[in-house]
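Some notes on the structure that comes next.
First chain written, first letter: the chains are A, B and C, and each begins at residue 1.
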Amino acid sequence: MSAPLLELTNVSRHFGGVRAVQNVSARIEAGEIVGLIGPNGAGKTTLVNVITGAHRATGGEIHFMGERVTNQKPYQAARRGLSRTFQIVQPFPSMTVRENVAAGALFAGKAISRRAAMDAAEAHLNFVGLGKLVDAPASTLTLPNRKRLELAKSLAMRPRMLLLDEVNAGLNLSEIDEALRLIREIAAQGVTIIIIEHLMKVVLGLSQRILVLHHGELTAEGAPEDILEDERVIEAYLGDRFAKRRQGAQS
Amino acid sequence: MSAFIGGKNLGLTIVLGVVAVLIALPFIGDNYLVRLATFLCLFSALALGWNFIGGYAGYPSFATAAFYGLGAYVGALLQNAGTPMPLAWLGAGLGCAIFAAALGPTLLRLKGHYFAVGSIAIVEIMRLLASIFADFTGGGMGLNVPILRGGPDFAGMVFLYAMLAVAAAAFLTTLAVDRGRLGFGLRCIQQNEDAANMLGVDVNAYKTAAFVLSAIFCGLAGAIYASWVAYIDPTDVFSILLTLKVPVMVLLGGAGGAYGPLVGVVAFMAMEELIWSNFLELHHGVLGVIIVILVFFLPGGLLKLRWPQILGRFRAGGDAKSEAKAAAE
Amino acid sequence: MDVQTLLNGLVLGGLYACIAVGFSLVWGVLNIINMLHGSFIILGAYLAFFAHAAFGAHPFLSLPFIAAALFGLGYVIQRGVINRVVSSPVLITLVLTFGLDMILYNAMVLGFSATPRRLALDMGRIDILGATLPLDRIAAMALAVALTAMLFQVLRGSRIGRAIVAVRMDRDAAALMGVRVPQIYAITFGIGACMAGAAGSLMSVVFPFSPAMTGLFLGKAFIVCVIGGLGSVPGALVGGLALGLIESMAGALIGPQEAVLAGFVVMLALLIFKPTGLLGKAGYE
């Protein structure tokens, strides 16, 4: 049996007494599109942070391409081909759009020279539809364009796995459709994708498999149609009030 | 840098012209001018050195005098131990590089105000250490360095050329860094360190590299200074005034490029000469006023201010005036 | 450690707390490293000296007037100059206050000359547990601690004090609550200068002073502030006493220069390993 692309074994992350991520184990195979869902505060972003090295894991092991990468530095994750986008986009504000993307190509991707990085950047910007804004300062972009920039930057890093954290937040319906088209194209190029998303329609339509995180724990896992039937998922999403009431009664 | 397309060649031409004048200076100028030119090169080396960490990486470093003083003491001690002068200088540069490489990873974990205060503390600690280990450094009494033989004119020429060489090396290194991976990575760090890290920039290695480059040029300048004046003491070389003056010079010209620091040094020294000769008693006060004006009216430095005006003036027609006016506002 | 060293350290520490508390407040609330602070202290000392020389005013009596004058100076400097760049990066604000410091320094050299001065009161000595201490020092220290405590009360009890603390904790939220942030900034800076002036007039009876010593006192303020944590009065008190004890112990055991060095080394170590200070309050970036 070949090793999965990403393997999480009992990964935990606690902040003081808060168990943001608790004993999460999962396997992601190469080429998959996996949705990561869960209510607000379920620990989705924290899990992504632990995988990409932004936070240290307080417990557990992470393997990427068979290599143990627990507590790697963020730049190491980037160079290994683990790339991510942020819920709140983080451009380099006074660099041009092209330079922003070129930075990804130069430092995480395979580009050898700055010129090669600039050329690669332009190709990625054309792909995400920012071809006309290559020389604009990144700080002047609108929110949808910043999201596109973020995506182009991630692609320039030549990732094997792309972790998309709420790429659609703040976009309107047609912009979301556009983003989904891009994500499918990226996946078609062989990039494995983990997508965190609030809009169920988006996740269900895109993902081959779904992981459900609730109170930091992995409560369900399966194909989209099965997940919809799962009792625990329904409780996590629809029965939030019941859950709270039950918790209140217990404590 | 993209702001002055076409200005790059102009800048390089001016720099080469100035270098030519400086090389010719011992033959055409008097001792006063040679001395002034040596200081010009000294501060250029310090400003360009500071610019790696302060300008490109955006870390508010006030450690300049720590490197400068360390270079001065290492160079002086090596020379006193019988090392030939140029080798002593190189030894000082190497010593400062090792010092910065050892200190950088820890100190550069600090951010913002904490880094600023930490870097000032390094200067104070070095100064106190130099005073305390009197057996070794001469303590507060200072340290004598062998005077270069061959008469004042010859010595003046040697030290001018040596300082010029360091400044030129700092300038060429800056150009290389600016165009290469390191400069790009440092600019990413300056804009958003976390994002740079996520993008694959080994931020600690890059920041330390900038710190080490900064240390090498400041250390070399310090070592040459020690040989030049033939006497150093702790308060002279580990000087808080120096450590604050250098960033002011760079800010005056514009941080984070190859030309800004040079413009700043020239402008600052010109003003300082003017003040020294006219209002000796008001020296500190006038410098203070210059700093206040700089902060309020030249936030991007002289280079950023001048270019739009010059472009406006070059353009024909009535809109040139209005553009220059707009740029001035 | 003998009693003499301990008492010397505590006396010194009380003065250091008063020296640093204003600096710490300004750093914590305005997020500005005020390079003028050392000069404010020396200015306070000179004002006390000249009030004594010209009118025979006892420095402890002229202190309130000096503190008030320094408050006014600080208020005007912040309102007129510093406030324009108050949210700039540290490089800019530090350089600006350094520039202002050079102006004030130059004015003091011209006005007061660079000769070191000392206001000799000679109030006698007192024996405590076998240790001898000059009374003027003890009185200065007691007043310094009292002033620091008074500031603590002002911050806790008064309307303006609560507003200052609110701005320190969350500027934007305070602004939304109707606090006029620029006004609070100016008052805070004024209080910083006022405490420096008061500390200076107390120092004038303990140490000789000259304009060349501004950096020395600024250095103490840095160290106390980092040891105790930013922007808190108890922190400044703890930091001040800690530095006083460190210096008097190192001074007694090794030597005076080593004592100063010890302060800086402790500060650097804390910066790196525990930037929130000994009291552990959240740091203010």
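Quick note on the criterion: a residue touches a chain if its C-beta (ideal position, glycine included) is under 8 Å from a C-beta of that chain, and two chains touch if they have at least 3 such contacts.
These numbers were taken from a predicted model, which means no experiment stands behind them.
Q: Determine which two chains are connected by the greatest number of contacting C-beta pairs.
A: Greatest count of contact pairs is found between chains B-C.
Q: Quick check on this structure: which chain has its C-alpha centroid closest to the centroid of all protein C-alpha atoms?
A: Ranked by how close its C-alpha centre lies to the overall one, first comes B.
Q: Could you work out which chain's C-alpha centre is the most distant one from the centre of chain B?
A: Centre of mass proxy via C-alpha means gives A as farthest from chain B.
Q: Report the inter-chain centroid distance for chain B and chain C in whole angstrom, where each centroid is the mean of the CA atoms.
A: 32
Q: Express in whole angstrom the distance between the two chain centres, defined as the mean CA positions of chain A and chain C.
A: Taking the average C-alpha coordinate of chain A and of chain C, the gap between them is 49 Å.
Q: Take the average of all CA coordinates in chain A, do the same for chain B, and state the distance between these two points in whole angstrom.
A: One centre to the other, that is 43 Å.
Q: Could you say which residues in chain B touch two or more other chains, in rising order?
A: Within chain B, no residue contacts more than one other chain.
Q: For a test of understanding, state which residues of chain C touch chain B in their complex under the given definition.
A: 27, 31, 33, 81, 84-85, 88-92, 94-96, 98-107, 109-110, 215, 219, 222, 226, 255, 257-258, 260-261, 264-265, 267-268, 271-272, 275, 283, 285
Q: Would you pull the chain A residues touching chain B in the complex into a rising list?
A: Touch list, chain A to chain B: 52, 54, 73-75, 77-79, 84, 90-96, 99, 102-104, 106-109, 114, 153, 157.
Q: Considering only the defined contacts, which chain B positions touch chain C in the complex?
A: 54, 58, 60, 62, 106-107, 109-114, 116-118, 120-122, 124-125, 128-129, 131-132, 240, 244, 247-248, 251, 281-285, 287-292, 294-296, 299
Q: Of all residues in chain B, which touch chain A in the complex?
A: Chain B residues touching chain A: 2, 179-181, 184-185, 187-188, 191-192, 194-203.
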